[in-house]
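To start, the structure under review is shown below, and the notes come after it.
Chain nomenclature is as follows: A, B, C, D, E, F and G, assigned in order of appearance, with residue numbering initiated at 1 for each chain independently.
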């Protein structure tokens, strides 16, 4: 029984890991790549770590596996946020099909402060990239 | 949170009593302890603990469901030969204000596929989110506000 | 696997040395890094690689299950890694300061301590 | 008593840590510095006395039997080298009081100085080849920092090359140790010696290949031709006290390591290895001395001479006879003392005549006759003039070379000693005899509080070159005994591995 | 086929495929944040590899490496982001 | 860089990282870990803190200066080796207390030595990182 | 004897102090030493004449077989007397000659050191002890020649003398060591007994050549003679003492001393006679063409030294006797003449003979001395010079080989010597009174007393040659021949061919003297000295040396780090690669790879990332690729059972990347600075180094052998060291000392980084900060050496 669960978790994990890799390779811009990789990899590694917990079945291993998962859940999004922000500052281009970029021009490049902006009342009609 | 401590102690006592220190047994001890606590303390003034725990569990389940479902969606789109994307960076007005709440919300947004938390304005009025596929901006904003933001607000504020 | 590792080691050495032979300070310091990977991996490889048998004694046992990887090279590499880290950190900052002081990161321009003395006449050493 | 083997490591270590903790108290650091250096020398002398009375001594660190733990071992050669380290440490520690600026002092100078002593002593005392690597690294990183401490452009540029090339050497050293362990299964040098001599675990050819790797690795540190580039590029850039210390110790550790491995471990194919050593020795002497001849800056000139003299040391090793090794050891002591004295004197030259550059100085023969004498004695010693220390060293090497009929190296060594004389007289003629190029140059009087720390070390070292020369017998006898131990490593092996070996 | 074999011959190769794909992105860039994203993903993939290898070899001790990697690699990514932002 | 999210998260991450670092240190004698890795984890926690806030805040967080920490670590390490010397054994001969403790195993001078390593590493990495960050 | 030698050094060291305390009387006090020595040596004359020898030996460096052994026989006694006697004369003279020189104390020091060394040289009984003193004479000569140190010419001449004699000395050292080895003894006194063995040895030609080079260089023999005239830059007392009477004769002494061991062979005769004859003629030929008094004397000294060498080459009782007689005669007259030249210089301000004349009234005593000594030099009876020339001619006339040629050359050189004597002794004192830079007076007592004494001796010995024959020449000749000899000297040997030659010499000499102006013009056109002179060779050699040194240094130490690294790598590849191919067993190295898919993938990743590092166009991209390599290596560690290693590698890698990022983005962008050719060259070298390492790994791993210490760790980790993680147990216990060193490295690295970043050179700071620093430096309780100085230029 544990073997079956272990195997299933491993397969799920590996699947999402491959998706993460594929995503980061295939996606056309930085934000899309991060989008694809950050969650898929968290899910993938989470599944694999759970597989370890199930496989060994000891408290020590489980605790450590769960702690690692928690840590990853906590840090992966922050890393993505930091990188995305950095990407904005160095002027990484968004893919041409981007519908709207409401963040564009909101950063004060000198002070690195971010202004708030009230959302547009209507969704944009055009598909013009806004960057 | 004293109740959590008590619950944990009960779970550990269960382990000590049964003498088998396995994750399953620990979980069982915890559930058992929770039930006992809920049972024994129902006459005392209402503790947040007992309303919180189900909420947290529901929240986690919702999150997991979203996580897996959306991950599959992304997998599907990554695997499709032509990437069919309508990405956007959307500003979402915020109603949560506390640091932990914003942080939790941000993490949730990022961990659920399709969306990626980018930053929050200095005045905490607006959160900027990147999304892979947007049809209707307003619908997207409302989806976030009614989904994760509401639950985070319930949980933490 | 040793054959593959040997090729990797060779490649790391080659790349490290190649980088060290560049004119740019930054490249030299990167070369030093590659070189230390190479040396560590070399120690690791020549001492016999063994898949998945860490030199740990299971709880309750008095000695590890045979076969196990030789722990000594691991300890040596560990020491070398740590030392390398310290040295690398220093070298990095030194290079940065040298760049600041010299105003260039082109090593061909960084020769003030040993410029050839073209102006020197022969035979004026004494007298 | 086994503590005596440890004290040359512990004393500088604790001195350094205390200095580190007394970061903001310069006065305390200066005192600790001198006390620590004096204690280190005392411990080293104690060790030498002990070893010369009782024979080779070993202590197993952690009480783990050799070859499993790390062994510290002192034979006469090691003990002599540790004494030289202590001597250099004390003289430079005192000289620094009068010459190192307050800013360097408050950035850990004294802690670094003593860490260097620890690293060098460790290298001399360890009986474990990997532990040797560790002490080399302690010494190197400390020297890197000392070299760059102060942060002038010159220092940084010099240090840059010094660091890069030495790291290359370290990487090679490390790899060689790794391979050596893989083929022998031991890091203990006595055990290595036993195995390679027995020839059953290691193919002799492979052992020779390893010997070549070590030769390059240590050769870089020792400053052999054509691996010495780092030395002239950098040695003249730090304050002179540091240069003197480096000159006395750093390359010598490289030579020590070469001597150790090519007398203890890789002696299975002398015809190949030691002939090669002789060839390199000759080339090192010549290129070094020619480099010196080309210089007009005192520190650079002396730096090139370091290389040249390393050639002599290597010659002693390459000839590989009792006499040549004794000569090498005597030469080592001589050159450490004389060369450091010269560097320290050149510091005073700069202070009084205003420059290190020979074109820009002069007039010291009249202005400071005592300094003239303090320069002349070690300079002539370095040139090998009898009856100063260098002569006996040279004589022993020449005699050994003639005995083994290696005439070429003898010829080279004699020619090089003439060129050494030439460049010593160059300094003499320019800095002392010649008038100062500025007729009105004010020869700065040394302030009373700097005069003693500056001159005391120089006087002591100059006196030592004379004593080492005029009363050479006890020293040479000691060197002869030390050489005998090197030539027949059985006692060393016995002391480390015990009776069963 | 037991779990260990599955891990060794099924899962690990799959993870390696992911790694190769990621490295391709890392080398291709084009922007520095792209590379860092790849590097960050690489460490997470590494954690997966370690976990899988722990199952394959039955050595739970490898898990400790995974934790340490998870904890520390975050610093690397943050540092990259921090300084990328400062280059502007 | 003032990232609200990072600053918030660091409050939770910091104790977690420090906890793990001590765990790695204490367990190192029996499982992977040890003073060096422990020290690196601890210092990376402070490094994160430095990035999230600034050097001054990070320095305030630390009760002693990194330099003191280095000195202390070195002293502890060498002292652990000297204990045996006082008893007449060679330097660094291990002394053990034979009562086993959870996680740690047995207490002994090698563990004390590892504590010295841990302290030194923290001091070293923080000295470097603080100095570099103050450069900016 | 030991005391006699060593006392010189002792007294010498007190001389500067003494001169400082008693500026007027120091000379008189110091002269007591040479006088006492002279007396002591003179007291030994009778015993030595009887054939007794004195030997003393103090153990010096027994482990090198070196004793401080001294030996007194006729030969050493003759030299010792000359050294101490003339030493006294010169010291006295110098006390007046250099009375105003502030460095007189140092002069005494050097002169006394020289005297003691010279005594040591001639008294030494040990080959090495002899060499020790020999070199000391060179170095004290260096200091004396350069005494007028402000003049470039003095310094150059001092150096030249040192290099020529020192270089010769080094050759001699090799010769002496070989001689000792072949002869089986280092004792000069027992060397004669081993003569047969030495001359039969294969090494004999080498020994002979090396020893002769040393002796010839010291004794200014062709082609080393040029240093001697240049050494006239020295104060005149030095020239008189070192460069005519004593030091230059050290080579002659050595030839005489070693002739029992080395002499008598064809090689000996050919070399020694040839060089001696050439020197004799050349010196004389150049002497009379000079205008500087001291240079005339110097060249004639060279000629006389040639005679001595020639005679020793001829060998046998007669020639040896002649050599010793000439030696004594020359020392006496040449010493006196030099001192006369010094007096002339001192009083008139010039040494140019063309500017001197008619001084006999102004300087009568000096003139008389000059006349006597000059007559001895010219070989006029009844002076001792005449006696010497008679035996000299007799020796050449009766030489076993080539007597005619030798005699002809002897006469030729003697004729020219007569001319030189005339120039020195007659020209300044007779004829028209010339105008001189200074107004001449008679020299002070201390400056004529000594020369007068020497000239007087020339007369005394000329009249009474038996005195010197019995006490000096005979015992000395016996010492040289290592056997008894019949030695007599007479003033008037009767009419014979030799006397005819003497008269001829005088007549021709007088003729040339009279017509010297015409002949000079002719000789100057020939310009032998300059054109063929080896001095040009010396200059060229020195120039060439300096140019070679510059070229080599600029070539090797060119400042290009790349060049250094390329050289080192290339050397490693060649040295290690050659040894591996030649010596090691390569058979196991070639084998098929075996691996698993995932391992292969990691290998691909590492190789790709490594390649990417080398090709990266941006710094941070290179760092990212570098990080990939590091992480992948850590994965390899995991796969092969090294969790601790992997953990450490991951952690260190991350921190390194962090540091890189922190630092490297401040460096400029990558740019391609090298040409395509250079890149290819570097790539080839780097790849060959990589290939070498690959090969080594393959060789080593071909034969997997189990490490033997590993099992000890496995066995004892839990039981004795109480730890289950063996790697950690090794780190903190089995090999804890490594770790102690390791954390020391870390601590120092941190201190270094801190200092690099915080301690900047002063000029980088604002002026106010500098002023502030200076103020605080003043307030410091600790005395600061260079308060406020820029550490960058600190010493």
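Operating definition for what follows: a contact is a pair of C-beta atoms (placed from the backbone, for glycine too) under 8 Å apart; a residue touches a chain by one contact, two chains touch by 3 or more.
Predicted model only: the values in this text are computed from it and were never measured.
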By label, the chains that touch subunit B as well as subunit C are F
In terms of CA centroids, furthest away from subunit A sits chain G
In terms of mean CA position, the chain most removed from subunit E is G
Between F-G and C-G, more contacting C-beta pairs sit at C-G
Which chain has its C-alpha centre closest to the mean of all protein C-alpha atoms shown?
D
Gap in Å, rounded to a whole number, between the CA centres of subunit D and subunit C:
25
Approximately how many whole Å separate the CA-defined centres of subunit E and subunit G?
69
Please report how many Å separate the Cα centroid of subunit A from that of subunit C, as a whole number.
35
Give, as an integer number of Å, the spacing between the C-alpha centres of subunit F and subunit B.
34
Going by the touch rule set out above, which residues of subunit A reach two or more other chains?
15, 22, 34, 42, 58, 67, 71, 74-78, 80-82, 84-85, 112
Going by residue number, subunit C touches two or more other chains at 20, 25, 28, 38, 40, 42, 44, 46-48, 51-54, 56, 59, 72, 76, 78-79, 82-83, 86-87, 89-90, 93-95, 97, 110-111, 113-114, 117, 120, 125-127
Check: subunit G positions touching at least 2 other chains come out as 152, 155, 159, 546, 550, 553-554, 557, 559, 561, 565, 569, 596, 639, 643-644, 647-648, 651-652, 654-655, 658-659, 662-663, 693, 696, 700-701, 706-707, 709-710, 713, 724-725, 731, 733, 735-739, 742, 744-754, 756-758
Kindly provide every pair of chains that touch.
A-B, A-E, A-F, B-F, C-D, C-E, C-F, C-G, D-F, D-G, E-F, E-G, F-G
Would you pull the subunit C residues touching subunit F in the complex into a rising list?
54, 56, 59, 78, 82, 86, 89, 93
Can you name the residues of subunit D that touch subunit F in the complex?
2-3, 6, 10, 13-14, 17, 20-21, 23, 59-63
Note: in the complex, subunit E contacts subunit G through residues 8-9, 12-13, 15-17, 19-20, 23, 26-27, 29, 32, 35-36, 38-39, 42-43, 46, 49-50, 53, 59, 61-62, 64-65, 68-69, 72-73, 75-76, 79-80, 83-84, 86-87
In their complex, what parts of subunit F are in touch with subunit C?
30-32, 36, 124, 128, 132
Of subunit C, residues touching subunit G in the complex:
1-30, 33-34, 37-38, 40-42, 44-59, 61-64, 68-72, 74-79, 81-90, 92-97, 99, 104-108, 110-111, 113-117, 120, 122-123, 125-127
